[in-house]
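Everything on this sheet refers to the single structure shown next.
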Amino acid sequence: MQIRLDNLTKEYDNGAFKAVDGISLTLEQSKLTVLIGPSGCGKTTTLKMINRLIERTGGDILFDEKSIDDMDRIQLRRKIGYAIQNIGLFIHMSVFDNIAVVPRLLKWPEQKIKNRVEELLELVNLDPGVNMYKYPAQLSGGQKQRIGVARSLAADPDVILMDEPFGAIDPINREKLQDAFIEIQEKIKKTIIFVTHDIREAIKLGDKIVIMDNGHIVQYDDTINVVNQPENEFVESLLGSDRALKGLEMLRVKDNYIKDFVSINAEEVKTVGTALEYIQKKEKSYAYVVGKKGILLGYCTTERLKKRDKHDDLNENVKKTESVQPYSNLMEAIITMVESGLTSCPVVNSKDQLLGIIRFKTLVDIMSSFEKSEE
Amino acid sequence: MELFSYFLNNIPNILEKTWQHFYLFLISWSIAVVTGIFIGVISTRPGKEKIGRFVLSITGATQAVPSTAVIALVFIFMGIGALPAMFALFIYSLVPITFNTASGLMNVSPDMKEAAMGMGMTKTQILFKVELPTSIPAIASGIRTAAVINIGTAAVAAIIGAGGLGEIIFIGLRLMDVSRIFAGALPVALLALAVDALLALLEKKIMSDGLLLSKEN
Amino acid sequence: MEFFEYIFDNGERILFELLRHLQIIGIALPIAIAIGVPVGIAISNHKKTANVVIYIASVLMTIPSLALFGFMVALLAPFNAGIGVPPAVIAVVVYSLLPLIRNTLVAIREVDPATVEAATGMGMTKTQILFKIRLPLAVPIIMAGLRNAAVMGVSVTTIAYLIGARGLGYFIFSGLSRSRLIMVLVGAILVGALGIGTNYGLLKLEELLTPRGVKLSRSKE
């Protein structure tokens, strides 16, 4: 479903205050569009006009070129997913019943609902067997937020409105939820309109960004363009001076890692001596070590190996390291490298099998390309 | 024991009075329950905040009026008998039920209501699927309180010819017959305790497990 | 109007009974506080005992006042204490226990654990925390329980007339037996006004005693 905002306006006090001032915008299907701006810029008001929680005062909102007025308000809301910051889980209903609300309103058959709930819980990484009949009071903040997301997807809407859905959790869990959400969106490819005030979240999640200020749109473009070519000083200050670094958050590991790297198979190479020989032959100073089925065990450096006896067991000289996954972003890759001190960062899949590496040099090249566009 | 003498010797009479008493309670209280919840609901609808606040302040204030005063006032305007008594009991029970219903509904989490609205529930659906279920503890509390004070006030209402167990107590007081007083007081107390216990059980049954768990938190 | 005539003609009697009424409540409430608050404090650390105590107090409160009076007359008659002011005072005390104990409990328990932790970290002993932090924060909540008890006390004392305690119940019950409507009306209005007045007055007192900081935090919620 294509959504178009046409000169959309929201006035209060008989026109004395314009929360949203004649904005026009076509939202791209299957993309995540972020609305961001300072407090009071009108982003939440705009969002809420789309499902008519707030009634507009001027302009129109068109769904596949059909005016919003031509549709029944209640039916419209049942076709659009809605997730808010404090989630608003129904405390008297189980997780199952919470998610099942809209499907039941739409009179889905119970078996279809049950399948859908199981599917959604797996999608948000919560074991259905354990969680389906729990109550909100028994869930942690992060779990509640995931249920909130699952609930908004329940009736398989084409469009989902999200108003700071990850706002109420601690930063660490928020990062995890954002990563998980990126994976989900890759699978479901819905049209999502996402309000946030956190520029890092906007860059990380958004395919397109709408920068708003005082009820107007300041810039609307693909994320990479907004980061590379900010429209004016306002956008620049919103992005912050570490734009290049923030830019790394937009890029995914999966698009930037290489599969050609030096690794040692601990199933075949057992001694320090053999390992050292191998690494030196490849003219490297370190190598990653994998075990059964290609699972990453860690790394070993020539510096360290040289200090050992060549008959020593290799396994005892492997140092563990953090890794990133394909859906992580390059910022996380850089952080991992800084912590380990290596010039690369290993990329693993969900089973911890080593897929490839990201080189530090690659990241530096990317950042330079951001910086060049600043000039 | 001497204390039980009147009781044991007049069981049919006592049973009859108990039934009368229960009847006074049941009719006046059940109508108050329906009316009170109704008023509580309609005064808390979106857009009607002023009415809600008004209802809350009136019922809040009148909860402080002693039961005897209500009986007395009804007597002045309606005379004696079971009907005026039931009316007094109805009014007196109405207050806590309305107060608790209105207050409970006003305290429903706005986030839940917003989520429900955003998901496409109609206003009626929000009322019955979200607001009322989550307000059950408050409403039930009001209904229980109303029941207990109703039974107690019904005893006093005997003074305006309502019948019931209060009659036995009053006669006992007049005659200074301790056994008689006891024979009236015991069933009243037991009735109140029994009704309260029953309602408490019912409340537990109706409250969803989810609510019980969140109350524990 | 006959109504005001009656009041003027019987002003003295009204005042007398009013004072009598207040006297009973005035004796009972301090006793109830003296029992209820310490008990509340004492059981605040023992969940199981607290549950039992609250249960007993609430059962007592479920017993209708007329019935309670009936029991007291029946049981205390041998001691010549079944009628008059003593049983009235006892009844008001009994009914005041639940609100006072329960509110004290709630008030003490609901102090923000972070506040207590900070105080402990600063080196306050448990007793100091109790008296400098928990109790001052508890005062408004306990006051609410007291207000609850006082309003019930007005009602109970009105009925206590029937067991010889006198008080404003005189006008209502005596009026009823003599079929003097004006008397009944005066009684009803007086008693009603006393109830509402007590509630309102204690509410204002509660607000006065609430520490300013608490009021400000509450209004932010």
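Just so it is clear, A, B and C label the chains in written order, and each chain counts residues from 1 on its own.
In this section, a residue touches a chain if its C-beta (ideal position, glycine included) is under 8 Å from a C-beta of that chain, and two chains touch if they have at least 3 such contacts.
No experiment lies behind these values; they were computed from the predicted model shown.
**Q** Using the touch definition from the top, what's the fewest steps needed to get from subunit A to subunit C?
**A** Tracing touching chains, the least step count from subunit A to subunit C comes to 2.
**Q** Hey, which chain is the most central one here, using CA centres?
**A** B
**Q** Taking the mean of the CA coordinates per chain, how far is subunit A from subunit C in Å?
**A** 58
**Q** Roughly how many whole angstrom separate the Cα centroids of subunit B and subunit C?
**A** Each chain's C-alpha centroid was found; their separation is 20 Å.
**Q** Subunit A to subunit B: how many Å between their CA centres?
**A** 54
**Q** Taking the touch rule as given, give the residues of subunit B at its contact with subunit A in the complex, in rising order.
**A** Interface residues on the subunit B side: 109, 111-122, 125, 129-130, 133-134, 136, 207-211, 213-214, 216-217.
**Q** Touching subunit B in the complex: which residues of subunit A?
**A** My answer: residues 51, 53, 74-80, 82, 84, 86-94, 101-102, 105, 135-138, 151, 161.
**Q** What does subunit C use to touch subunit B in their complex?
**A** On the subunit C side, the touching residues are 59, 62-71, 73-74, 77, 82, 151, 154-155, 158-159, 162-163, 169, 172-173, 175-176, 181, 184-185, 187-189, 191-192, 195-196, 198-200.
**Q** Quick check: in the complex, which residue numbers of subunit B touch subunit C?
**A** Subunit B reaches subunit C through residues 3, 61-70, 72-73, 75-76, 148-149, 151-153, 155-156, 159-160, 166, 169-170, 172-173, 178-179, 181-182, 184-186, 188-189, 192-193, 196.
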